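Following are the structures in question.
Two complexes follow with chain A in common, the first pairing it with chain B and the second with chain C.
Right after this comes the complex of A and B.
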């Protein structure tokens, strides 16, 4: 059984005079110990998707569909049941860890609080040992326990966030742009640590990022999102090497390559469509170089692509032709 | 680009748009509370610690490095938003502080800067008309209001805002980051500067618009034959736009040379680390990243040895004795590392 199955998920932000369709008909399956990356531009609904599954969105967001975590539908759980799942089984690392930590409490104190909420009977000694163990896992020295967040660098704070997310041995780790604000060297240090942790603790990982290279180097599956819809999903070796969807192709071309000729850098013309209007046809058609009348009038569905060796789906009428 | 570092100041030449000679910017940290309760005064933060290079017209120099390595301070020094603590910056052979004092307006027109965040570049209360009119009036470009209006419309059309007339009375919050950054670039280039500093111009933008902005900047620079200093932490983007690349670490240039020479044949251990750690787009190509420990230290009380030595994976005893000079290892490829110079 899959660890997390997101089925037919729709998330709509209801406003006074309009509705914004942030995520539409999303289907994602995470097998145990998978590392899935969701990529897309900002505003493509990747964060909304993950936060919606975890029920962390404001009340204006209406979530429909199913998100089965080990058979339990996260979207219909009561608050009490949900609190048991959060942190115990699913934990999140947010983008700006400087905002995730309280500036007026010491790091150790903040971590203790988390542990105490979920394990009220824990002794001080036990908590301290657990926290020191976590510090060792993420390569931090024990003195961090007595420091305030402002005394740490961005990389160290990100490590604290990761340590904090592992405090109760979760099964699923959701990383929302966890390394975006960091430097190349620090980013690669932390990504390496995350991958080691995944192996050691048999974690399943959902990474949300706009940086395709992060997904390429650390994930085994990728989901490409555009304007709230899944454009293409499959294994990284398929999707990122030989993309079938024009959007994925465009996204990959927008990154200058480190090797080879310098001439092939091209952006995707135009900008994201208004998400409060639901177009008849493909959402990408207005920016797509290959768009035909069929694309403009009929919404393409996710269809199997490739030679069928791996699961690989593309939502395009051309289907890679 | 001439890369001789030991050029004497007397040799200021008009061939070069900008020349830097051992430029330093040290900030003074007034009070430092030590662990034992004593306070120590006047510690220097060596943000830029002896940088020398020169640029000709039409050349692009990419500056890369981690955050806190002094790239942005260098950019601000170049257009004299900050006074250097010591060293000399020359524009067309003349000291830049003298030029600035003599004719500030002309100096500013000659040296333009493009900032990182397009939302902070413009006054949010101004309309685009006012934003674009301001530099035109200030620098006396365009003889009549009509001529200025035409110029403004031309800029807007070039930045992809059509019909341009509809956008003139909009405020900045009604535009996307990509559109604003395009306007910022076009507005700077409108003054025909001979020297432009672009400080992380695309890092705030979405990937799909980044490429277009970079292409636009590049073609403008080529068209107007402007010297460009492109500051970025993104190595691949820097490679795309620059002819030469300088790698900075703790306020010093550790490696400098033609782009592909430096990036594909790096000599300094820090450059190697930086490059091996930048993730590839191709999942099949898994390069071995060189691991280094620790974070970049703060540039206080550095030296006397190589600044990178404490984190370097191949540091030897001699590395901690004196800072290695920048040495040409052939083809204008300069490296500052004791081990590379031995070869």
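Right after this comes the complex of A and C.
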């Protein structure tokens, strides 16, 4: 059984005068110990998808579909049952780690509080040892326990966030743009640490980022999202090496490569469509260099691509032609 | 911290000196002569006026008078009231207790009531009760205090006849012990109520907006993701963060309240410093006015230092080194 199976997920922000369709018909499967990256530009719905599955969106967001975590549908669990799953089984490292903790409480105390939610009978001694152990794992000194968030740098706070996410040995770790705000040196250090931790603690990882290179270097599977829809998904060595979808191709051309020949960096002309309008055809058609009348009139479905050895799906009419 | 406080005390002394100087000059520049007011309009005796003017030192130039005054104050002599024929220091000491009784009770009610209602409304954000209480707070914020006082007297004292119109105690009662306390409390209801109603919108709006702002902070999402109960998130994390602004404005508003109750004390004939100030302005009782202004300036300066110190104690992000 897959660890997390997201089936036919739709997330809609209901406003007074309109609805914004932030995520539409998303299917994603995470096998145990997978490292799945969701990429897409800002506003593509990747964070909304993850936060929707964890039920952390504001009340204006309506989440429909299924998100089966070890067979339990997270979207229909009662608040109490959901609280038990949270952090114990699924934890999150958030984007803005500088604001991830309360500014007026000591870091150690806040971590204690989180530990106590799920282990209410733990002794002071036990909690303190666990937190010191986590500090060692993420290369922080024990004195951080007594400090406040504003006394640490961005990289150190990111390490705190990671330490906090591991405190209860979760099965699934969601990283929402977890290294985006860091400089490249710190980013690569932290990514390396995350991968070591994944191996050591047999974690399953869901990585949300707009940086294709992060996915390429740290994930085994990738999901490419655009305007709330999945464009292409499969193994990193397929999708990011030989992309089938014009959007994935455009996304890859927007990043420089270390190896190979020097080519001009090219962005994708145009910008994200209005998510409150649901087009009849492919959402990417207005920006797609290959768009035909068929693309503009008929929505392409996700279909298998490649030689069938790996799971690889593309939502494009050009696929297989 | 010690150096900072020392620096603040020194600047505080300068502020007090400057404010005393300005007040001293301003009241002497205002038209009207205390000796002529004392002598009466019907049949002023010019010889008597000359003797009194010389006796009070009013024949000297303003800078000369100021030097004499400062010298006296430093020796602990705040002067002698022309009108009341009492030492200014004794006069103020006698009036300061009723004023503190009035303003501290009103402040306590306004702060507790306003803050609790503000927190309540933040939790009911957008609901009918929230909108209704916001409207009420705007109305009282825009109401002049003396007018509200007069209206309350009209309703509760004149029409309904259930509360006394003015004063601090029943002059004919000669009550002692618990009867006296109850009598004073009954006289306090209207003036304290007026001051509290005028002050509460301030604390209401600060608490409400502060709670709303903290609830939208990123760390609240982190705490929700950890499975912490909403109640604990609110009571431990939201409140601790949201109440910082309330604590910091407390000090400055107490100083404001001491001088701001002038209208209320006058409307309700409350035997406090505000009314003494009002009467002394009418009679150009220079020594009393200078004395009251000096006390107010010192109170404001001390409160400002206290607020800064308390601020650094409750918010770890504030450091003065």
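One rule holds for everything that comes next: the second predicted complex is superposed on the first by the 313 of 321 C-alpha atoms of A that agree within 3 Å, B and C clash if a C-alpha of one lies under 4 Å from a C-alpha of the other, contacts with A are read in each partner's own complex, and residues count from 1 in each chain.
Everything that follows uses one rule, which is that a residue touches a chain if its C-beta (ideal position, glycine included) is under 8 Å from a C-beta of that chain, and two chains touch if they have at least 3 such contacts.
Just so you know, these numbers come straight off a predicted model, no measurement behind them.
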Task: Fit-or-clash call for chain B and chain C when the two complexes are aligned on chain A - done: fit
TODO: Please work out whether A:91 is in contact with chain B alone, chain C alone, both, or neither, and reply first, second, both or neither.
DONE: second
Open item on the list: Output check: A:192 vs chain B and chain C. Expected answer is one of first, second, both, neither. What do you get?
Closed with: first
Open item on the list: I'd like to know which partner A:23 touches here: chain B for first, chain C for second, both or neither.
Closed with: neither
TODO: Could you say whether A:105 touches chain B, chain C, both of them, or neither, answering first, second, both or neither?
DONE: second
Open item on the list: Quick check on the superposed pair: does A:183 touch chain B, chain C, both, or neither? Answer first, second, both or neither.
Closed with: first
Open item on the list: Taking the superposition on A as described, I'd like to know which of chain B and chain C A:36 touches: first, second, both or neither.
Closed with: neither
Task: Following superposition on chain A: angle at chain A, chain B versus chain C, Cα, nearest 10° - done: 70
Task: Partner, of chain C and chain B, that touches more residues belonging to chain A - done: B
- [ ] Kindly classify A:255 by the partners it touches after superposition: chain B alone (first), chain C alone (second), both, or neither?
- [x] first
TODO: In the overlay, answer first, second, both or neither for which of chain B and chain C A:285 touches.
DONE: neither
Open item on the list: Can you work out, in whole Å, how close the C-alpha atoms of chain B and chain C get once everything is superposed?
Closed with: 6
Task: Where chain A meets both chain C and chain B, residue numbers - done: none
- [ ] Report the residues of chain A in contact with chain B in the complex, numbered from low to high.
- [x] 41-42, 153, 155-156, 183-189, 191-192, 210-214, 216-218, 236-237, 240-241, 250-259, 262, 265-269, 271
Task: chain C contact footprint on chain A (complex, rising order) - done: 54, 56, 82-88, 91-92, 94, 96, 99-105, 113-114, 117-118, 148, 150, 164
Open item on the list: Taking the touch rule as given, give the residues of chain B at its contact with chain A in the complex, in rising order.
Closed with: 66-67, 176, 178, 206-215, 233, 235-237, 239-240, 263-264, 273-275, 277-284, 286, 289, 291-292, 295-296
Open item on the list: Touching residues of chain C toward chain A in the complex: what are they?
Closed with: 217-219, 221-229, 232, 236-237, 240-241, 244, 314-317
